[in-house]
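Please find the structures below.
In what comes next, chain A is part of two complexes: it sits with chain B in the first one and with chain C in the second one.
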Partner chain A sequence: MGRKLLLEKAHVEGIRYFDVYRKEGGYRSVEKALKTMSPDQVTEEVKKSGLRGRGGAGFPAGMKWSFLAKPEGVPRHLVCNADESEPGTFKDRYLMEFLPHLLIEGLIVSSYALGSNDTYIYIRGEYAWIVDILEQAITEAENNGFLGKNILGSGFDCMVHVQRGAGAYICGEETALLESLEGKRGNPRIKPPFPAVKGLWDRPTVVNNVETIAAVVPIINDGGEEYAKIGVGKSTGTKLISACGNINKPGVYEIDMTNSVEEFIFSDEFCGGIPNGKKLKACIPGGSSVPILPANLLLKTAKGETRMMNYESLSDGGFATGSMMGSGGFIVFDEDQCVVRNTLTLARFYRHESCGQCSPCREGTGWMEKILHGLEYGKGKMSDIDLLWDIQRKIEGNTICPLGDAAAWPVAAAIRHFRDEFEWHVNNPEEAQRRNYGLAHYADPIHVPA
Partner chain B sequence: MAEEKKMFKVTIDNISIDVEPGTTILQAARQVGGDVAPPAMCYYTKLKGSGGKCRTCLVEVSKGSAADPRPMPKLVASCRTTVMDGMEVKNITSERVIDARKGVVEFLLLNHPLDCPICDQAGECHLQDLGYDHGAEGTRYAFKRRTFDKHDLGPYIQLHMTRCILCYRCVFTADQVTNKRVHGVLSRGDHSEIATYIEKSLDNDFIGNVIDVCPVGALTDRTFRFKNRVWFTKPVEAHRDCDKCCGKVTLWQRGEEVLRVTARKDEWGEVNEWICNTCRFEKKHINDWVIEGPTKISRQSVISQGHYVDTVRPKETIKEVMGGRDPKLLFDIHTVSEVNKPGVDLSAIPGPATSDVFDTKGKAINPSKP
Partner chain C sequence: MIHFSEATKKEAERLIARYPEGKQKSALIPLLHLAQDEFGGWLSPDAMDYVAGLLKLEPIEVYEVATFYSMFNLKPVGHYVFEVCQTGPCMLRGSDAIIDYIKSTLQIGVGETTRDGMFTLKTVECLGACGYAPMMQLGNHYREHLTKEKVDAIIQECRTNAAKNN
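Let's look at the complex of A and B:
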């Protein structure tokens, strides 16, 4: 049984309310940080912990904090990215719904470290009821002296504001989020300048994911070095994984990065295996935008090692034979699922969510969706597969923000690993409407592509 | 103290140039000039914040700077990346750039209607130039293109959203040149459009400039609509005393008639100074203007067709190329060509000639076959 840091108290009765949360040991980190530590010490602890950003890219959070420009007389901001819209990812929702005070606590400590007096939570518009939960938590914290002016007599002022988005996936990209927060159209900005220099209202800004902020609480409580002991190598601490798809027990799981993927899918502690005695076909291990992996490459890396649930092991082999930890949206496919259809679904999502600012993404996502639609519905040609490959290659890396890459990767990985399934769709257009390609060799023992 | 300004040395396609710190790669390349300058569809020097969207100006930075010589992993938008001292940039010498640019041109033309024969912008369209210079011969897009209805934005400007490439230039113009912007971009993705939300007219003294900044034929001058092709008109520089703007314009004449008035543009197709609506739309008589002289037009432009300046005629004549023969008529070539099968008598075919007719190695065909 792995150690739980974030979700340990998630099911204590009434933990959503301040009194219970406080009784269970909440807001200790605020007292510790504000009374005994300087802001730089807090940053140093986070650096020592090796905490990596939980939003998807996995950039070390302490490093990000230390990049924050600190000019005299210019206010700085911390923005919490709660615009969780990646298909397959729902860990932040769980965290905010059950433990709103954990987020608020993390925000106060982080704001103290960064010197942010006005901290914002930019929350996905569809999470309307969570806004109420958070606002209640903020009011409670304010009434108990943990927010507002002169917190705990330390002279540090901090206020947390909740802002609802309007339902755009692109606003999860940090610069688009800032534009949206400023009240403009949510188009990603062109970097540089990075938000750490010029962010919200041209002020230095740090944008962190909900889970990253929440992880600051155990880091301060137990110390950064203690936190770094959990996990493997550079994947320190615990990570929330939102598992869904064809598994017996979908839900949010906290792992300490020492489990193997096989254990995560099949053990009763976590996903509990595949229902109805089906076989595992494929899995998207980190939210819809990371490459899909067939079962053989998912359970073992190309080198034949067991694949573990951590940042390094999941990305072992690069995109040729690996994937990414991403945001932790673990989507499992059994043998009845069609990869072409799934890729079409994802392509449709990215087409719909592209902001339309830069041309490769705006035009390319729509084109890919149309080609995939043709392939899925029996109108595909063999040349379409190569065309798709060429389109994704021309989108990837040529766009302003990572959404272009996120749209290109799932298509690329599907063609890379499941090309025979695409070809089968072209060769058997009518049969493909009625039945699925099945397992083929994906669940077979490891084969290493050249 | 007038300290000597430190200049940054930047190498673009193996040509070195010293530029001021803060210059973008694109501007440095334009100082070098010629083919080294990347094409730019959305960047506009006069408009703050423009650029970075169309991705045609992508270049490869093979050496970041003298201090940090690592190459940049991705291609960068040259219009928004400032130079560093000792930077080395590859534009047309990089395979990656050529390939990516070809892709971007294909993406830009994906939903473009290609209605150049009836488009007022034809002849001075940046997308046409881009397509000729960097595009592929054909498209691989086999689906219906997205279309929009035409909109009249007030009495002077018409919007053909179908042709738009969403460069945002007109949005920046309205933001920065006029005092109140009433149009913007609605929706997102490939269905986003330039619009005024509920059909409004654009009425501002300087709103006519959006026509000049539009790189394609999406925003066109209603007073010039379908009047003429730009290459039949003669551009003339002229000025008048205007209390609103500088009054320096280019008149596009046919004979004595002034068909259109635009701002003066530099060699990169960017206007020198904004002009007001009165100059642009109302002063359409030759007596309103003081003529300065003909506008210099690039020799490569279709507008200068028929009156080339300083052209060098090719030395070799057809006679030399044809190995001593001097064909006067087309069928002279026809009769000696292997390809055209001179044995086939076209008048003997009962109907249009098809490839079936010619596949008999030049022998007489079967006339009964339709």
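Let's look at the complex of A and C:
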């Protein structure tokens, strides 16, 4: 049984409300930080913890904080990224819905470290009911003296505001998020300048994911060094994984990054195996943007080592034979699923979500969707597969923001590992058209011992 | 001229006050949500002009934002909007069948509204509920683990509510 730092109290009755949360030891980190530590000491603990950003890129949080510019007389801001739109990812929602005070507590401590007196949570617009939950938690925290002016007599003022988006995946990208927060279209900015220098309203800004901020609470309570003892290597602490697709127990799991992928999928403590006795075919382990892996490469690396649920092991082999931890959106495919159809839905997603600023992304995503549509519905040619490969290669690295890469990688990985399925669609156009709902009767699933 | 009710006006003021002096434009998206809720589920040019006036913006600044975000409806929609997720993880759990079932039950295509103005069907991309798939958004809430029976029950529930409110 792995150690739980974030979700330990998730099932305590009434934990959503201040009184219960406080009784369970909540807001201790605020008392500790504001009464006994300087802002720089808080940052130092976060650095020591080795905490890596949980939004997808895995950038060390403490280092990001120490880059924040601090010009005299200019307000600074912390912005919490709760846009959560990467397909397969629903962990931040779980945290906010069941443990809203954990996020608010983390935000107060982090705002103190960064000197943010007005902190914003940017939440995807569809999570409308969670806005109410968060606002209720903020009001409770304020009524109990943990938000507002002169918190706990420390002289530190802080207010947290919740801003709703309105349906745009691109607003999860930090500079698009800031544009949206300023009341504009979510067009990513050209970097540099980075938000740490010029962010919200041109002021120095740190953008962090919900889970990153929540992890600051145990880091301050127990100390950065204690936190760093959990996990392995540079994968310190615990990580939330939202597991979905063809598994018996979809849901949000907190792991200490010491489990193998096989254990995560098949053990009853986590996903509980594949329904209806089906075999495991493939998995996208870190949200739709990261490479899909066939079962053999998922469970063992190309070197034949057991693949583990942590940053290093999941990316072992690079994109040729590995994938990424990403946002922790873990999508499992059983033997009946069609990789071409799945790739088509993802290509459509990225076409829909491209902001349209750069031509390789705007035109390339639409073109890839069109070709994949043709292949899926029995109108594809063999040369289309190479064309797809060519297009994705020309998008990658040639755009303003990483959405272009995020659109290219799933297509590349699908062709790399499942080229035979694409060819089958070309060779069997009638069956490909007759087929419903991606039932891949033709695919010879990779056999995996139970 | 359309305008907000007193209560909504108060809420708009609260939202605007969260931003520093001179940065009121930041309240635009929250205010468009209020307007869409208050003015029948979509943003008419009048509604957008009204919001522009509240924030002292040029109307074009509002149009360019409203057209960017998929939650804003720029034409009228039915009383109940079924927004069914169709992205990969939901597809793996049968969202295609749910979309087909709604189409045949309500006799409408995606993007269309039933003739009685009651239901609109939209397909949307991942709503962050992939573990509870297939799913849809209805108003401010999610309906998850959808089955054909559940869809039938939701349609019935909407009809009953509509009848009650008349």
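Going forward, the second predicted complex is superposed on the first by the 432 of 450 C-alpha atoms of A that agree within 3 Å, B and C clash if a C-alpha of one lies under 4 Å from a C-alpha of the other, contacts with A are read in each partner's own complex, and residues count from 1 in each chain.
By our rule, a contact is a pair of C-beta atoms (placed from the backbone, for glycine too) under 8 Å apart; a residue touches a chain by one contact, two chains touch by 3 or more.
Here the structure is a predicted model, which is why all the values come from computation and not from measurement.
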Partner chain(s) touched by A:Leu387 [first = chain B, second = chain C, both, neither]: first
Which of chain B and chain C A:Arg185 touches, first, second, both or neither: both
Which partner reaches more residues of chain A (counting touched residues only), chain B or chain C: C
Partner chain(s) touched by A:Glu363 [first = chain B, second = chain C, both, neither]: first
First, second, both or neither for A:His352, with chain B first and chain C second: both
Partner chain in contact with A:Gly25 - chain B first, chain C second, else both or neither: neither
Touched partner set for A:Trp201, first chain B, second chain C, both or neither: second
Which superposed partner A:Gly145 touches (first chain B, second chain C, both, neither): neither
Contacts of A:Asn398 with chain B and chain C, given as first, second, both or neither: first
Chain B versus chain C as contact partner of A:Tyr127, first or second or both or neither: second
Interface residues of chain A shared between complexes with chain B and chain C: 168, 185, 352-353, 355
Chain C residues touching chain A - in the complex, by the definition given at the top: 18, 20, 23, 25-30, 32-33, 55, 64-65, 68-72, 86-89, 91-94, 96-97, 124-133, 137, 140-142
Complex interface listing, chain A residues touching chain C: 75, 84-90, 92-93, 118, 124-129, 161, 163-169, 180-186, 201, 242-246, 250-252, 284, 288, 329, 331, 333, 337, 341-342, 345-346, 348-349, 352-353, 355, 436-438
Complex contact set, residues of chain B against chain A: 51-55, 58, 74-75, 77, 80, 99-100, 103-104, 106-108, 110-111, 140-141, 143, 165-166, 168, 184-185, 187-192
Of chain A, residues touching chain B in the complex: 168, 170, 185, 190, 351-360, 362-367, 370, 387, 390-391, 393-395, 397-400
